[in-house]
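Each chain gets a letter, A, B, C and D, in the order it is written, and its residues are counted from 1.
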Amino acid sequence: MRLLLTGFEPFLDYEVNPTMPIVEALNGTQIGEYDIIGRILPVSFKEAQQAFVELIEDIEPDSIISLGVAVGRFHITPERVAINMRDSNEPDNDGNAPQGEAIRDGEAPSYFSTLPVQEIVDTLKQAGYPAKVSNTAGTYVCNTIMYEGLHYAATRQIPSGFIHIPANFDLAIALGNVPGWHDRDLLATIQIAIETVLKTR
Amino acid sequence: MRLLLTGFEPFLDYEVNPTMPIVEALNGTQIGEYDIIGRILPVSFKEAQQAFVELIEDIEPDSIISLGVAVGRFHITPERVAINMRDSNEPDNDGNAPQGEAIRDGEAPSYFSTLPVQEIVDTLKQAGYPAKVSNTAGTYVCNTIMYEGLHYAATRQIPSGFIHIPANFDLAIALGNVPGWHDRDLLATIQIAIETVLKTR
Amino acid sequence: MRLLLTGFEPFLDYEVNPTMPIVEALNGTQIGEYDIIGRILPVSFKEAQQAFVELIEDIEPDSIISLGVAVGRFHITPERVAINMRDSNEPDNDGNAPQGEAIRDGEAPSYFSTLPVQEIVDTLKQAGYPAKVSNTAGTYVCNTIMYEGLHYAATRQIPSGFIHIPANFDLAIALGNVPGWHDRDLLATIQIAIETVLKTR
Amino acid sequence: MRLLLTGFEPFLDYEVNPTMPIVEALNGTQIGEYDIIGRILPVSFKEAQQAFVELIEDIEPDSIISLGVAVGRFHITPERVAINMRDSNEPDNDGNAPQGEAIRDGEAPSYFSTLPVQEIVDTLKQAGYPAKVSNTAGTYVCNTIMYEGLHYAATRQIPSGFIHIPANFDLAIALGNVPGWHDRDLLATIQIAIETVLKTR
């Protein structure tokens, strides 16, 4: 079985994207029955969506976990829901800042994550890592990717979803006043999340 | 035309619910073409939903604005979306703490607010009040009420939605370490929000 | 009796300094036995200190209250102590960023405020305004001014000190993600603080 | 040479005190020329001060580093200054809540840390750990211990000071909404801090 794990390139002023070392570390490894296929997405509404849809069509994954950094958060936060909305005050890496547009006109207003979000949170906390379910993936590129993964998953009944992680220490040092985690712990939590998806299939 | 404006009773440890003086001040007044009908809801999943549905059936409002306090926020935040989900770590005033249940089985996964959320934010900022659109009304009683208002509005094409307000100064003093606003300013922002709904109909 | 009330010019990226309208509103008024003499200081270690010392020598005040904005705070915070230290990561309006230097070589390592800080806090809370004593005025220009006022006060046994206020709504809107208060409330709290100084003399 | 390293017992509602495993791990080890003598202090103004003074008289340390947890912080924060003040809204483990009292009547109003606080911060950041100098150790038991260590150090010209650390993951999970660090990283930063004290003697 193939699990597609995606991260993002650096974006806005952030010099580092803490999702990259996680995706690179797990790409090509096997966790239980999953062959992990790791890919990095651009931080652009148009390019990320297009690249992600092509990846999905190409790989035909049996499960999808997309990662993004949520600067300012200090829990691992599996996202509960993706909404059919793009809205951004700040332009993406292509200079686009959509205002209140649908991701897919006429499609579902939202999709709930098909990952076992509460079980992931519970397992992480038992393993000693602060975690909680988040009720918003925002309206930026992260939410678009989560929506696309769930749109694909909707017809195939596969586990798909998005997990926001805190800044890592490097990014926290660069930004000055946000909480950070060690890369080692960020990586460990995603491994645990993948194992939890396997156990609850 | 009738605008139903709802607030909540005090809840959890909070001694004061800053929505109450707003609803009481505007109840019975007229703003433009709207007769404001103000009502206070209990903070209980079951009772609030039932009371709110009865109010709607009884009043048959032409517009609905529900208010809740979001302790810790320091902007006026019109909510963008209500999701078909109840989930609470903390029991409501009846002692219920639902875990990941649908509000209405088999109904829409979410509804977008039919209030002009971006226009309300822009108008408030022009009037000197910090405001921004929020992407989550949580999964507690507030979200349930917002979902119910939009479920009703869906078949009638009326403006309906939810606005979270900061703690007022009294609640901020009682809690000790959260931001607060003066009641006078909280009231002023809801009047402006109602006027903006009127202008954009 | 003369009470010297100082505020600051705008600084760093902040377009507005919320201390200015307070100082301008109270300059020339009388509160109890105090004639309020309001002055605005530059945001430069060197110029602010020099201008402030000259003001004190010129006015020979019977009491000193200096105001500064503490972006991010959401209480009125009378400062407890000024320390004999300048240290700044960010340059002042003159481009100076001193690193761990004494304000006055060989002088007292710190001075406690001679304002009735706890009484000011208690009176403000009774009047409905969130307030608490702060234990640090930082190591930037605010602390330097507070230290200088207390250095002068030390030989004259007069009430002197510093009060940090939150951003006002305008500054909060400009910065986007910080709490703010209405200018009206910021002004009211400083009037109450001055009255409290009078009552406890 | 003897370095006295102190931590605290659990306090208030906090089930865990993250300083304890650090002190226990380093007690009896040698770092460079330092024999580390680790001790745990009670969280009581009276008992902690008395126990600490007795420890100092008994051990006659050549350097002192005291540790405390600052719930809510997410940097390692060497403290710049201790002030001659006890003030607490919340009672200590003995039920005492002093209001604006001197720690030592008639003694210095404050002492600056004689640890190389800026060098510790710089070294930690180079090693990948978020750190910054803090300008307040508060007015609770932590500040009292820091003041006492510096009072002792003042006549002996030895390095002495206090370092506040973030909550660890366990405490963050218990409290629910505060940032935490892994115990492993907290321990690593204190080892680096001790090495930095050695290098800059």
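Points to keep in mind about this one:
Here is the rule we go by: contacts are C-beta pairs under 8 Å (C-beta built on N, C-alpha and C of every residue); 3 or more make two chains touch, one makes a residue touch a chain.
No experiment lies behind these values; they were computed from the predicted model shown.
Note on connectivity: the fewest chain-to-chain touch steps from chain A to chain D number 1. Relative to chain D, the most remote chain by averaged C-alpha coordinates is B. Centroids of chain A and chain B (each the mean of its C-alpha atoms) stand 30 Å apart.
Per-chain CA centroids place chain B at a distance of 46 Å from chain D. Centre-to-centre spacing of chain B and chain C amounts to 38 Å, using the average Cα coordinate of each chain.
Among all residues of chain A, none touch two or more other chains.
Viewed as a network of touching protein chains, the structure reduces to one closed ring of chains, two contacts apiece. Chain pairs that touch, as defined above: A-B, A-D, B-C, C-D. Contacts from chain A toward chain D in the complex involve residues 74, 125, 128-130, 169-170, 172-173, 178-182, 184-185. Residues of chain D that touch chain C in their complex: 80-81, 83, 85, 87, 99-100, 108-112, 118, 133, 135-136, 138-139.
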